[in-house]
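See below for the structure under consideration.
Chain IDs A, B and C follow the sequence of writing; residue 1 opens each chain.
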Amino acid sequence: MPSNPFPLAKSQLLQAYRTMRTIREFEERVHVEFAKGDIPGFVHLYAGEEACATGIMMHLTDIDRIASTHRGHGHCIAKGVDVHGMMAEIYGKEAGSCRGKGGSMHIADLSKGMMGANGILGAGAPLICGAGLAAKFRGDGGVGLTFFGDGASNQGTVLESMNLAAIWNLPVIFVVENNGYAESTSVDYATAVDSYVDRASGFGLPGVTVDGTDFFAVYEAAGEMIRRAREGGGPSLLECKMIRFFGHFEGDAQTYKAKGENEHNRATRDCLKMFAQRVTEGGVVAAAELAVIDREVASMIDDAVSTAKGAPLPIAGDLLTDVYVSY
Amino acid sequence: MKPVIGIIANPVSARDIRRVVANAASLQIADRANIVLRVLAALAACGIEQVLMMPDRGGIAGHVMRGIERSRNQGEHRFPSIFYLDMPVTGTVDDTHRAARLLRKAGVAAIVVLGGDGTHRAVVSQCTTIPITGISTGTNNAFPEHREPTVTGLATGLAVMERVPRGTAFAPNKMISVTVGDRTDIALVDAAFVTDGYAGARAVWRIHTLRELFVAFADPEVIGLAAIAGLIEPVSRRTSGGLMVRFAPPQEAPMVLGAPIAPGLIEAVGIDDWRRMPAGVAFAPTLGSGSVALDGERELSFSQRDEVAVVLTDNAFLTVDVAAVMKFSAIHGLMRQTHDRYTESLT
Amino acid sequence: MARNISFKQAINEALDLEMRRDPTVIILGEDIVGGAGSPGETDAWGGVLGVTKGLNAKHGGRLLDTPLSESAYIGAAIGAAACGMRPVAELMFLDFMGVCFDQILNQAAKFKYMFGGKAKTPVVIRAMVGAGFRAAAQHSQMLTPIFTHVPGLKVVCPSNAYDAKGLLIQSIRDDDPVIFCEHKNLYGLETDVPAESYAIPFGEANVIREGKDVTIVGYGLTVHRALEAAEKLAKSRVEAEVIDLRTLSPIDLDTVIESAEKTGRLVVVDEANPRCSIAADVVAAVSQNAFEALKAAPQMVTAPHTPVPFSPVLEDLYIPSADSIAAAVSRITKTALAA
């Protein structure tokens, strides 16, 4: 029986893989379906970034809150939002997580502490300060995490929230998903300081940079920062350097990337492949076990898509419902 | 042909988990660039005319070039000419490795390194034949000495311009090599065997995971895992051999030691046993599986199946002995100028 | 025995009562306690005009002074509301909405709808509105139309201390986001207000004065100008019915339409600028629903399409006055006004 050198039990390693694989399959499939023209509106895919959402969310429970970005499918899945509901929502069906009223950019499930994907960049930061404030008042040790990209890092809401979190010692973590591109603009152009950690220091919070494609690096750093926040150690900033395989939105010709950049990334910086290699080489998990998960996930996503396609649309009356609790 | 100096300044260091679990600070990019400018000015003052630098996309290069341009615009001649190595920038430690190799091939007279222990280690792993000068800008800085970078630059310049006898200017340093199966890596300060079998966030701060420590030198004035050795039995950088320490849980250990293992973090460590580590002898750790942290960062994992060996080598590489150079320069008036030279410098 | 307290004190009482009743009610805002981190007294201000003074002594720990970061703390109030609290955030002047409007417009107002009904955002944002303080263009606006326009928000604007207390209590208990507008020029106005807790429902206008000849609708300060105008008009034997809207979203149009059907003449007074104003909204609704009953074109008496001027003589012209209201009535009743 080989010993397990990892900080997670085998069952947790398998769960991590399943979560990442679910995100990958979901996104790859949405990519395909969107290209067919079946999905209305905009979608922004998280493929390539799975290790970040998964490595972080494995430390959270339903009492912890997250606020996501426009690129929110990965955060939703990692936080435990129902995949079938998500797919139906993307198709605008009544069975969707938001009853077809929100769409890809606004998927939420407050019962799971998922305060919504958000079409407004940086808007989650103040909201998560609020979640942290509520957790402090309740005294339940809950934490809040706000995810935003390298581009959104420059929104005033994010900067104000860092200061607010620091002065009130809120149990929140600012997660910068630095994939190098804000739509088509490089982070080298758009952000004056060369490290988001320097910015965090400037606002009075400690910051840590990790390789966002390394599940274990994310898992360990996030675990420490979340534990610290829960115990009253206050806010911090986690910068995850990562890669998005697809464009900013589906339909993006990605001409701002270098030739062969996507192919090179898929070949050399695929966080799923790297995770699989580490755990199989470590002798803890057999490749066959991962293959089983691959098949199960593929089948589940397939089912989610066909169910979503066959599900009923909202009725006309739904247009007017749920504006208020009561009016 | 005047000697050329190489500079490797790491933009990525000092941003690890120790900023959260300890009171590690992160030296801002502008401050690192400022240090480079101080060194460059000092080198120029010694007559160095060309410097080869590692390019980076972390912002240091940009700040440095702006600083030089501003100075030039004001009619000053304070800096040497800067050339950047022709290499791709990945923003990882590979850049440091590649830069060190290229500087070695270019035959520079010395390499000035800005970073923590990890950066210095990365340079030496690719180049042991060229003397290095260390400037600390990382989290754990047990290897590079702490002093004002301007003076470090000055000493480096005087050393490579042969104003000081080689035996005084350059000091020998020890190195630890760790082999796991067919993989070998080095450490400049310490190799620690820990029970965590994965690299993860790399830094070592959970004391209970420590099993054995091998240090090249034991300095009671440093922080980091080597502080443990330094506080038990100091071993200087210039003596042959190092120290080996074995740990036990504090409740059971014959000695419990409070050691500053990270900035602002003093932890109680249980010491089971320690002894001097002779050079040139291979030691196998008693830990069956886990990983090896080199200069404070987990690098190599190993299991029962792997053959693991640790060896200390004396005289593995040279560093500029800044204290010795500056003392020599004071005694021998190296910094005194002729009146002509002074007048020249005004025009 | 009348218990006269000021509009400002009534708000203070409402906050105090609700904080006692519900531990999830917290207050956030700039200087709402005052003196944070400063060497002098705490509760130094209790709000820039003293509205929240004394609350910190009673509910310490639940009043949070904030830095000058509206988007952060208004957003935090909204986020905390979505996580089960009932925050009352003060946006000192509604004019400052510019710096935090996204959190209100795209977040708070939309959560319930966008998330398929599965969210609740019971936040109250209190803010000062209105002109007459000589505070000039950036501190004197009546921006009620902008918020009224947004589905998902409720907008409340009381005209007196009694309504202020009851409507604020209702706002805090309401499960939707409420913009609670406090006219800064009414803070000192005293009315008989019961000491106990009471809530006034939204969407119920108040017919303050009955009359058969013309319906004058207003809210906030304009209610008082309308009453003054009604006094003047009474001397010319024109009896005006004055309606205080109290809440703009939801709005009680039924009461207004019923009155307009009775009098056949409508004047709507609004301190907001005229384009897309509450006045325009009410006039449109009455025209659509009671056109046949109208004997004359509905009139709007509003501020001009300008920013609020500073010089008192100009500011006094800016705000709809009793005279301008009476003149509008005079036009549509074709009555000359008694001197």
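Here is the rule we use: a contact is a pair of C-beta atoms (placed from the backbone, for glycine too) under 8 Å apart; a residue touches a chain by one contact, two chains touch by 3 or more.
Model, not experiment: these values are computed from the prediction.
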*asked:* If you average the CA coordinates per chain, which chain's centre is most distant from that of subunit B?
replied: C
_Centre-most chain, if every chain is reduced to its averaged C-alpha atoms_ = A
*subunit A-subunit C separation of Cα centroids, rounded to whole Å*: 41
*Determine the centre-to-centre distance between subunit A and subunit B, using the mean Cα coordinates as centres, and give it in whole Å.*
37
*Between subunit B and subunit C, what's the gap in Å when you average each chain's C-alpha atoms?*
66
*In the complex of these two chains, what residues of subunit B are touching subunit A?*
11-12, 15-17, 19-21, 24-26, 28-29, 57-60, 91, 196-202, 289-291, 301, 303
*In their shared complex, at which residues does subunit A touch subunit B?*
2-7, 188, 193-195, 197-198, 201, 206-210, 216-217, 219-221, 224-225, 228, 233, 236, 239, 241, 278, 282-283
_List the residues on subunit C that touch subunit A in their complex, please._
24, 26, 64, 66-67, 69, 71-85, 87, 99, 102-103, 106-107, 110-120, 151-152, 154, 174-176, 203, 250
*In their complex, what parts of subunit A are in touch with subunit C?*
65, 67, 96-102, 106, 108-111, 115-116, 118-120, 123, 125-131, 133-135, 137-138, 144, 156-157, 160-161, 163-164, 167-168, 321-327
